[in-house]
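Two complexes are shown next, each including subunit A; its partner changes from subunit B in the first to subunit C in the second.
Let's look at the complex of A and B:
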């Protein structure tokens, strides 16, 4: 059994760590690239959203590298992601690939079936061993997510351009070539220390922008034309409203003990969206308002083309923008995206935020986080 | 010696060059077609401008904007390289200080820019489709055999309305042909087209945005009186077309250059002689990763001056060093 899974940001690293520790062979799909998207676009329904096109490309590329089992998380959620696995299964079958799909979900709340599926891919029925590997994977995920957040926060301040990227890139390539959660954790800690040593210039006048939207496009930098880095280079600190670790925390932990951290987000969104509209539509509104309250200069919504929940959110955002006095820009991305146009828009948006900042410099801008 | 500033807007359809004196008064404007050859066009524009300016003019700063702004910036040695949205906003504020809405329709792009209290407040640029832009009008005028300058005036003669589907240029064109085959007269169809484009613009860009007057209409299409009247009818307010409507981007970039030069004290302007240099572009496909980026190398007189096009920065980051090495 050779397991593969779709890419989503840095998530492939903790997953690899986990399977390494279980002694299961994994095929990490080649990094998302134009080729991945081309393959995905060729075989996907034309008007499906960008994430599925990329996922499908990942599978095909992995299968060609020898993978025979695809693991995906399921979601019976109201976004069409819940149906991805079924559609992809049929497409791959039509293409003549002989692969098995393991969807990590409990169909109709069937917990026993969920454990069956887990033990199948983990190649063991020993739940303690599985729990241990899972714990290792989660700690890698937590650390790498934190590091990424750090990078997006510090890059605009670095004295010598490219210092942070050098450490970060080296870390990622080292992690790819290493096995096991323990060693990965050590490497990440080392990188963390290296980043702390990088000379920074805090006197710079940097702006602060939050990214909202669907979790996949926010986290996967290939799907969002690496917007975080592009903004960093324009002198903007970036905060992503989603991270895989936070998502996991929410779904595996807080939900099961009855509490939820997303309460605040929902509460903030309430005047505009009272109910779940699917995907991360409500969270998009809630996060935008929270960013506004925290004194961010602006919010950018990144949308995978044809995503319905996001269109609902998008149509509400002008009102949020007016009532909370925060400029919101929407970028819709799919394989037709020409990057030059986006760069122009980002530049203009940053100019706009700078103008506003200069105007209100002596006013309420002191309340910064 | 008269101190002047140069603004260059290198768009997909037209390249505009303007000269502005120290009091920010526009002295001369030049509007030439890019015709897909931005390098040639910039060179041609510069040498024409030089001939028109005479000898007692000193260029103290240059700004570039438009989709060819980076290329042009390298050729001319620009002090300010700014995106067209900001440049248009700055220029509009210069002529109408209390402007609240800017409608800008150019060759490939259309934009809406909102300003409040003299500050850029919000903007949008056409996303998925480029319908409602100058190129489309150009093509329709050509197809009907009407000079583009006359196109808008014909719309004013219309007496009956013809509704044309304006969601997208392809649909608009086929619907137009359909209406022609039904026997509608030309004026009515052209008027219908103008209204369709305005509806398309307001539905795609103006969505959810509060359009307040004063409204300025700029960009190449602003010269089209039919579109302007259609905007006034639909918005129910006066739409101002400034005198230099088609070169506002260039004016904005000259203003930005002036500000930039005042800040740093010198200009990067390489002189009008750059028109005599030879510029070549070579490109290759980087095979380092599956992205297969097309990397563009830009040469001035056989010396490499810039590289771009790669996603990872592998090639573009070594710009400066390579220039030193090559020299």
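Let's look at the complex of A and C:
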């Protein structure tokens, strides 16, 4: 059995760590590239969203490298994500690939089935061993997410451009080459210390932008054409409203561990969206309002073309934008998205935010209140 | 085991017709005007909704049939990425805006246990309120039977409250409207489609069809039953001597059975219906082909239509065609494709023993 899984940000590292600790063979899909997307686009339904196209590309590339079992998480929401695996099964069958799907989703009261699925991919029935490996994977994920958050926060301040990236890139390539959660944790801690040593210039006038929207396109930097780094280079501190770690908690253990932030988001969104609308539509609204309250300069909504929940959020955002006085820009991404046009829009948006800030500063100086 | 009656006798129609006995207390006072937009779920539930409000003593005003003006005003007021049916729905609300006291835009999240409707339905009242200005108050009661139908009566009271506070009256009106709904569903099961039934207040069959060759037309009710949006596809097929069936003409039991054969439960109610009907039709010899009418950007169709297409190609020797509509679709293009499709069906019948050099039937698309 050779297991593979779809890419989503840095999640492949903790997953690899987990399966390494369990002694299960894993085929990490080749990094997302134009080729991945081309394969996915070729075989997927035309109007399905970008995440599935990239996932399918990942699978085909992994299968060609020898994988025979695909592990994914699922859901039963109104969002299409819950039915990805079924469509992908049909497509791979038509392509003549003989692979097995193991869908990990909170089971409909059927705990035994869930246990069976887990023990099947973990290649052991020893729950303690599985729990240990899972714990290791999750702590790697938590640490790596924290590091990524820090990178997006610190990059605009660095004195020598490229210092943080050097450490970050080195870390990722080191992580790809070692096995086991323990070693990975050590490396990440080391990288964290290295980043703290990098000289920073806090006198710079930087802007703050929050990213909201569809979770895959926010986390996966290939899908969003590395929006975080691009904004950093324009002198903007970036915060992503989703992280893989939080998503995993939400999905595998329901919302019980979600904590207060989830509640705050829902509360903030309530005047605009009473109930859930599937996917992260409600969270998009809630996060935008929270960012506005936290004094962010702007919010960017990133979503794949035809994403249903985000379209609902998108049509509500103009109202949120007016009532909470925060500029919101929506970026829709599909396989046709060109990088140049995208960068132009980001530059124009950042210019707008900067002008806005200058204006407020001047107003404050001139006012006699 | 499964037969379709092509036409109803006039006596049967008379039996199914339910009169206006509920409206007794028509007083001199101005009756409340409730607007129902002719879009989205209208085609499934209008007998239920209109009967309900009318029995309560309100006057129901349904927006005009979809036309260019409605589409244009809808397109103008929605985000570009919304799907055509949602845009049209906005147009219908605009059409009602100045004519009524209340507009009925329920927040329909789930109508069956464990199933959902499209996410855009879940956010519909919010979308309407945020994109359209100066609207009369909206009845935006949440209809959510995802966990159970226990709250059904509570939901009904909540909607009825806008007209009257008398719970008994609401209950009575609901029972009356259920009867009307049942009669409507029975019509559909007999092969009489919503486009053949007259008016929003009376159920009366105005048209029926006696063709023998059957064809399955799949798609959301707001696509296939809206004559303007679908460019009258049902009539076009009938003119070509085809008997049009839709997912709504099949027995619910059969649909459920077939849909349950999927590895994972289909969690969209529409999806389950369409998928079940398609899987059943694939096994039926007398159904000649499958047409899927979709609208551009429909997330559910992107999944369902693909699964149906692949299964049809793999398991059934039936032609399948996917027609996608949006606000720019030209009628000529659709006509051509329908003609080609019909030609193929007729040609197949003539040359039953024909085997193409391809080794298989060459299908459309």
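Here are a few things to note about the model shown:
The definition used in the following text is that the second predicted complex is superposed on the first by the 347 of 369 C-alpha atoms of A that agree within 3 Å, B and C clash if a C-alpha of one lies under 4 Å from a C-alpha of the other, contacts with A are read in each partner's own complex, and residues count from 1 in each chain.
As a working rule, contacts are C-beta pairs under 8 Å (C-beta built on N, C-alpha and C of every residue); 3 or more make two chains touch, one makes a residue touch a chain.
What you see is a predicted model, and the numbers here were worked out from it, not measured in a lab.
Superposition of the two complexes onto subunit A shows subunit B and subunit C fitting side by side, with no clash. Vertex at the C-alpha centre of subunit A, arms toward the centres of subunit B and subunit C: the angle is 80 degrees, rounded to a multiple of 10. In the overlay built on the shared chain, the residue A:64 is in contact with neither subunit B nor subunit C.
With both structures placed on the common chain, the touch criterion links A:205 to neither subunit B nor subunit C. Legend: residue contacts after superposition of the two complexes on their common chain; A:315 is shown touching both subunit B and subunit C.
Contacts of A:90 after superposition on the shared chain: subunit C is touched, whereas subunit B is not. Once the two complexes are laid over each other on the shared chain, residue contacts for A:332 go to subunit B and to subunit C alike. By the touch criterion stated above, A:33 is placed in contact with subunit B alone, subunit C being left untouched.
Of the two partner chains placed around the shared chain by superposition, neither subunit B nor subunit C is touched by A:113.
Looking at the shared chain after the overlay, A:176 reaches neither subunit B nor subunit C. Comparing subunit B with subunit C, the partner in contact with more residues of subunit A is C.
The gap separating subunit B from subunit C at its narrowest, counted between C-alpha atoms of the superposed chains, is 5 angstrom.
Touching of subunit A by both subunit B and subunit C, each in its own complex, is seen for residues 305, 315, 318-319, 332.
By the touch criterion given at the top, residues 78-79, 81-82, 107, 109, 114, 116-120, 122-123, 126-127, 130-131, 142, 144, 262-268, 296-303, 305-307, 310-311, 314 of subunit C touch subunit A in their complex. Listing the residues of subunit B that touch subunit A in their complex gives 67, 82-86, 109, 117, 119-123, 125, 127-128, 207-210, 289-292, 311, 317. Here subunit A touches subunit B in the complex through residues 30-31, 33-36, 162, 226, 305, 315, 317-319, 321-322, 327, 332, 336, 340-341, 344-345, 347-349, 351-352, 355-356, 359, going by the rule given at the top. Those residues of subunit A whose C-beta lies close enough to touch subunit C in the complex are 45-49, 74, 76-80, 82-83, 85-87, 89-91, 94, 103, 272-279, 281, 305-309, 311-316, 318-319, 332.
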